[in-house]
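One chain, chain A, appears in both complexes that follow, with chain B as partner in the first and chain C in the second.
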Partner chain A sequence: MADTTGESPVQARRVGDTAIIYASDYLNKLSGERIERECKRQLESGSRALVINFRDTELVNSIGVSILMGVIDAAEQNKARLIFSDVNSHTAKLFEMLGLTRHVSLAKDEGEALSQVAPQKNAVGS
Partner chain B sequence: METNTQRLLHTFATLADLGQEIANTADFEEMLRNSFHLLLGSFAIRRGAVGEYDRDRGELRLVAARGLSQSQDTSLPISSEHARELASLGSALSLDDSTREADRFLEDHHDAFPGVEINLLVPLVVRERLIGVVLLGEKATGEKFTDEDLEVLRTLTRHIGVGIHSHRLLEEVESKADENRRLYDGLRTIYKETVHAFAAAIDIKDRYTQGHSVRVGKYSEIIAREMGWSDDAVEGIAIAGYLHDIGKLIVDLNVINSPDRFNAKESKEMSRHPAAGYEILSPISHPYADIPLMARYHHERMDGNGYPDGLKGDQIPPGAKIVTLADSFDAMTTDRPYRKKLPLADVLEDFRANTGTQFAPEVVCAFCRAFLKEIEGTTKEQRLIRLLGKNYENVERVSPLLSQLISDLDGGAMAATAH
Partner chain C sequence: MTQQRILANVSRDDFVGRDAELQQIVQQASRLTDRRGLVLQAAPGVGAAELFRQAYDQLFLRRGDPVPIHFALLRSDANPVDTARRFFQTFLRHYVAYRRVDPSLADAPLSSNDLIELALPGDYELISELVESFERERGASDQRDFVRFCLTAPHRLAAAGRRLFTLIDCLGLGPSKEEISLAQEITAAVAKSSGSFALAGLRRQVISLLGSDGGSDFTEVLHLEPLGDDDGRRLVDVLARRHEVQTNEPTRDLIVQQLNASPLFINELFLAARAAKRPLTSFLNCQRLYVDELMGGRFYRHFSRILDQVAPQPQTKKVLLRVLHESAAGEAHKASLWAWKKRLGVDAGEFERIVDALHVNELANSSGAFIEMNAESYVWMDYLRAHYRVEVAGEARAMIVATTLLDTLKRAPQTMARKYRREAALGLSELVSYFNCQSVPASLFHYDRFAAAHKGADTESINAELDMESDLIRLPQTIYAAGCSAYSDSISCGPERCAVAHGFDAADYTDENEVVWLAAEIESKLEASRELTEEWCNRLAGLARECRFEQVRLWLIAPEGFSPEACELLKERDAYGSSRRQVELLTARIKSEIGAADERADEYEMVIPMGTDTELIAAHAVEQIARRVNFRPEAINQIKTALIEACINAAEHSMSPDRKIYQRFRLENDKLVVTVASRGVVPANLASDNGHDVRARDEKEDAKSRRGWGLKLIQTLMDEVEFERVDDGTQLRMTKYVR
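This part shows the complex of A and B:
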């Protein structure tokens, strides 16, 4: 588990070189910035893939979307994969409408997300 | 849910959040940054920047940026002519369309955004003046901005423009208020210095009462403070004390400097000075209340036998009652050509004898309290004792008299004779 800010901790865990980060119930400026910091920290510490788990997330506002765009940028710059998992249908539609799904994969749950990154893990590891 | 409906709801939510951000006047840059990120999030735009245009410096200072290689500290020069051109556009300008303004902006600032495609330039315009610029890259969908998108962008950026404009107005008001405060303080200082000069001029005319006006001002200040007056009112009463005898400037010099007690004719001449003082002071806009009235009424008496108007009791303004006592105290504690200064015990006996007829009981009581506090050392300053000077030694001897007078006045024994 990681807590990078000293504020409310962002829950995160590592599975191999994949970091799984858990978003809170409302993704706004405050919680979004914590997630962005945690994602960047994970990338800097060598994660080759990021999974953001939205299982608790009810709502994403515009600043939240903007911050996620920043995470997409950071992942691309680090040549890391980015997958959003457990996204509810409302948020999934929002991501699709806004075009986020062109830059990030959606997985129905963590297991599916991890299986999506598995080939890359192997590739990196070989 | 229909995509259009969802798009509409997302825009409404953005507008609601933007409204809250614009209302944040505590931190302007934070407001601008958050508003900008709301704008990016509204369309999922990956890159962009928002800058505030400084007309005096002729530059656009980037306040927030995302996805640009430039640091947020970048300032881009924009000539006043170009600023006018951008302001005249007044709405989002697609840089995909080759317009003179777009080409010029890209030409001028190509180096500022290397390798970044800027798709939209939105001038922030309030009252036909350029106050900022928003630069936006492509949408995450990769699609071109539609007319509806541009309409939404105009609405959102108009809010941001108003936010910048309001902040500037607030800064302007604060700066004007500071300037006015400085001017006011300056005028107040000039006024006080002028009053001091007048007080000196009044006292120079009367060779027997040098420093009288200044001392009356200071005694009045001490009494008013003891009576719980506000700082501003205390300053006012000090000024009134300095100026109370200004009417003497029109009194015949021979009368003022007469070595004997005044005869009837001289008394009549001398008694002109309170009303004359009022006439001199009335046309002046004093920063304190009732200065002319305090000069006019400082020879009024509680029993109505004073002059010039024969006012009684509460008809006399409180400030004038204070100046009256201060004036009398200084007169009794300084040498006059026709008599030496009185011992303090005699002065206090005079107060006792004339409280209620000449002096207001509450003023006498406040004076005695202030004096006693200085003698007993319960106040840091010994202003009253210092004003009396070294000619009055062993002032502590009058402590019992002061205590008794306070007790009599507080107990109402003497107040009954008042009015």
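This part shows the complex of A and C:
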């Protein structure tokens, strides 16, 4: 069942082995680092997949995006899947422009993201 | 309705070519809040005295505050006492005339009693007291005290609560120290009283009138240059009508050219024509009258009066004529000061006075160790040649008249041809002076490419294709441009046809980026041949060597372009070559940019502190602005992101001393121009190459690199991105077009 993490300023919840982290309206250095910290915390606590939900994110800057590269690194090291969901078209183009989409999948929404991680979760968890 | 003349010599309608200057002087009188002085620096004979008289008339007839006073220093004043007395009386007379709204009093010979009797009841006591004090001081024995008293007139009127605007005309000031000293006293007396004021003087003399503090009371400077050709022609038409002298278009143009569009000389010529009842309908008629005036008429009197002042002793004047003539006859029209002093044989003080007087009257230019004749004035040079022959060489007068007339007639077509060439020229000096780091299509500087791509096409389609051209040349920032002849005599052509432009590539003020453009317009009816092109390349290269220009760019312009062989040569010499058409297209582009910059557009400015997400405030602001010209939502997001990145770059890289980001958002018809500036350190290799290195480097880096994406993002999101030169820090200009 899903739960909400109350220790971090970043909203997050767990769905099974999958952690869903909610990015704020502006992805900059500070909010990027918070997401990175939360993602690492979730990985350390056993999450096998990470979904970062950008439904509230209107603007991103290059520093915030560069920090996401740290999240990608951390996920790869932990052999966890990483999916970005609810990314608006402008932000999606920026991610593509900066090469992030070579390392991470984009999902239309949380449901699609969870369905994408399910086979892997099953493979690992069953 | 025609404006009434009071002090002016000509009606307002006939006063040509000085509308803006007249307006500025009249506006100066309207300044109510602060005490400000305007100084008019005039070239000789350009009509500055009439301008001041016109200003007086306009202020008088306009009514309201303040009371206009006009005082001109005259050579006819015998001594300082006379001048001071006239100063005092002029103040009272102009004051009374204005208060009584009676223009006829402004120039009337009024006695002290007349002034008292004419004073309005409200002014009676003040005028009576002033006149009584004046008469008392005049009767006292100390002349110095009397002069001092007279000069207090503006102060006394101001102290009584009267607002004045005083026009002081020092254009007729002589060269003596005493006259200059008195003019300084008068200027200081007016400046110390409350109210605005204006001072006119010859541009090479006026600085000495401003006193030891260099004129701290003068906050406005107005330069009065010679009339342009168009205004000169209008003046001829006006004078021909007024004096009922017949002219035609060719003679009108000749008069303007030969008299250097000088209102003084043109007016003198028409006065002479009227007196002699001579029509000016042929070159021969014009030159006959001209030579008459030169030999013993108005032109003669004008220059003789100046030379009499410069060298009052007949023997000195004779030697001076010889020295002047010999200096003018030399190829460079100049001689060493040392040689002059030796030839003139006068003491150091007198020599200095002579040279200074010639300099002030712009008959010669004294600079450093040389004295250079003003050879641009035909009238002065003709006078000098003729009177040297009369007064020094002792030639027969009839011979001099005949040969001068023959010479001026032979010269007339050449004078006109020079004018036509000047008008037909592209104006290279002006064009290169507009260079300011604009990026322009490279084909405008390579005739072969241009001919291959655009020959036979109409201007519209050429421009459309030029807009698409990706190969661009970034022009330097020109900091000074002048004609080649100003640097050397080795290339003889007008400043419009051959130009030297000093500047910096990318507006980067370093030795490495310092560059001199040498541009020349060459004459060739067909495509310029290799031989002609080589000859001009060599000439310009020779000029560069002579002037020790290190890094140069040669640019030749031929009306019909260059032959294939000539184009090859230009490539070999790393020189640019353009046809006249290419230059016209280039000029139109550059001028339209300047014009566009001058047009009033919707412009917003914003200053945000660095840090704490302040870039979001800027992003929200630019969103609102961008919506005003219907950018699509996606484009708005791109602009916002680019702006955010620019703000981050400014905050991260500049080491800004004030920690502020200065932004300007300029909306034009089809685009939004965003400028982001910050003070501080310019990141290495950023401003000089417009960040192209950064982009190239970024592209090579792995996408996983954590930072340095900002500029790359900006360049991708915006249509045009350019670092602009600023004195301190960086300024990034980003443009997005509405599509």
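Quick note on the criterion: the second predicted complex is superposed on the first by the 118 of 126 C-alpha atoms of A that agree within 3 Å, B and C clash if a C-alpha of one lies under 4 Å from a C-alpha of the other, contacts with A are read in each partner's own complex, and residues count from 1 in each chain.
One rule holds for everything that comes next: a residue touches a chain if its C-beta (ideal position, glycine included) is under 8 Å from a C-beta of that chain, and two chains touch if they have at least 3 such contacts.
Everything numeric in this text was worked out from a predicted model, so none of it was measured.
Asker: Clash or fit: how do chain B and chain C relate after the overlay on chain A?
Answerer: clash
Asker: Answer with first, second, both or neither: which of chain B and chain C does A:M97 touch in the superposed model?
Answerer: Touch status of A:M97: both partners.
Asker: Between chain B and chain C, whom does A:Y26 touch in the aligned arrangement: first, second, both, or neither?
Answerer: After superposition on chain A, A:Y26 lies in contact with chain C alone.
Asker: With chain C in view, single out which of the stretches 79-87, 133-141, 295-303 or 403-411 of chain B clashes with it after superposition.
Answerer: 133-141
Asker: Based on the A-chain superposition described above, do chain B and chain C contact any of the same residues on chain A, and if so which?
Answerer: Comparing the two interfaces on chain A, one with chain B and one with chain C, the shared residues are 61-63, 65-67, 69-70, 72-73, 90, 94, 97-100, 102-103.
Asker: Residue numbers of chain A touching chain C in their complex, please.
Answerer: On the chain A side, the touching residues are 26, 28, 59-63, 65-67, 69-70, 72-73, 89-90, 94, 97-100, 102-103.
Asker: Taking the touch rule as given, give the residues of chain C at its contact with chain A in the complex, in rising order.
Answerer: 613, 615-616, 619, 634, 637-638, 640-641, 644-645, 648, 702-707, 709-710, 713, 716
Asker: Across the complex, what residues on chain A touch chain B?
Answerer: 29, 61-67, 69-70, 72-73, 90, 93-94, 97-100, 102-103
Asker: Across the complex, what residues on chain B touch chain A?
Answerer: 1, 3, 6-7, 10, 13-14, 17, 34, 37-46, 66-67, 139-143
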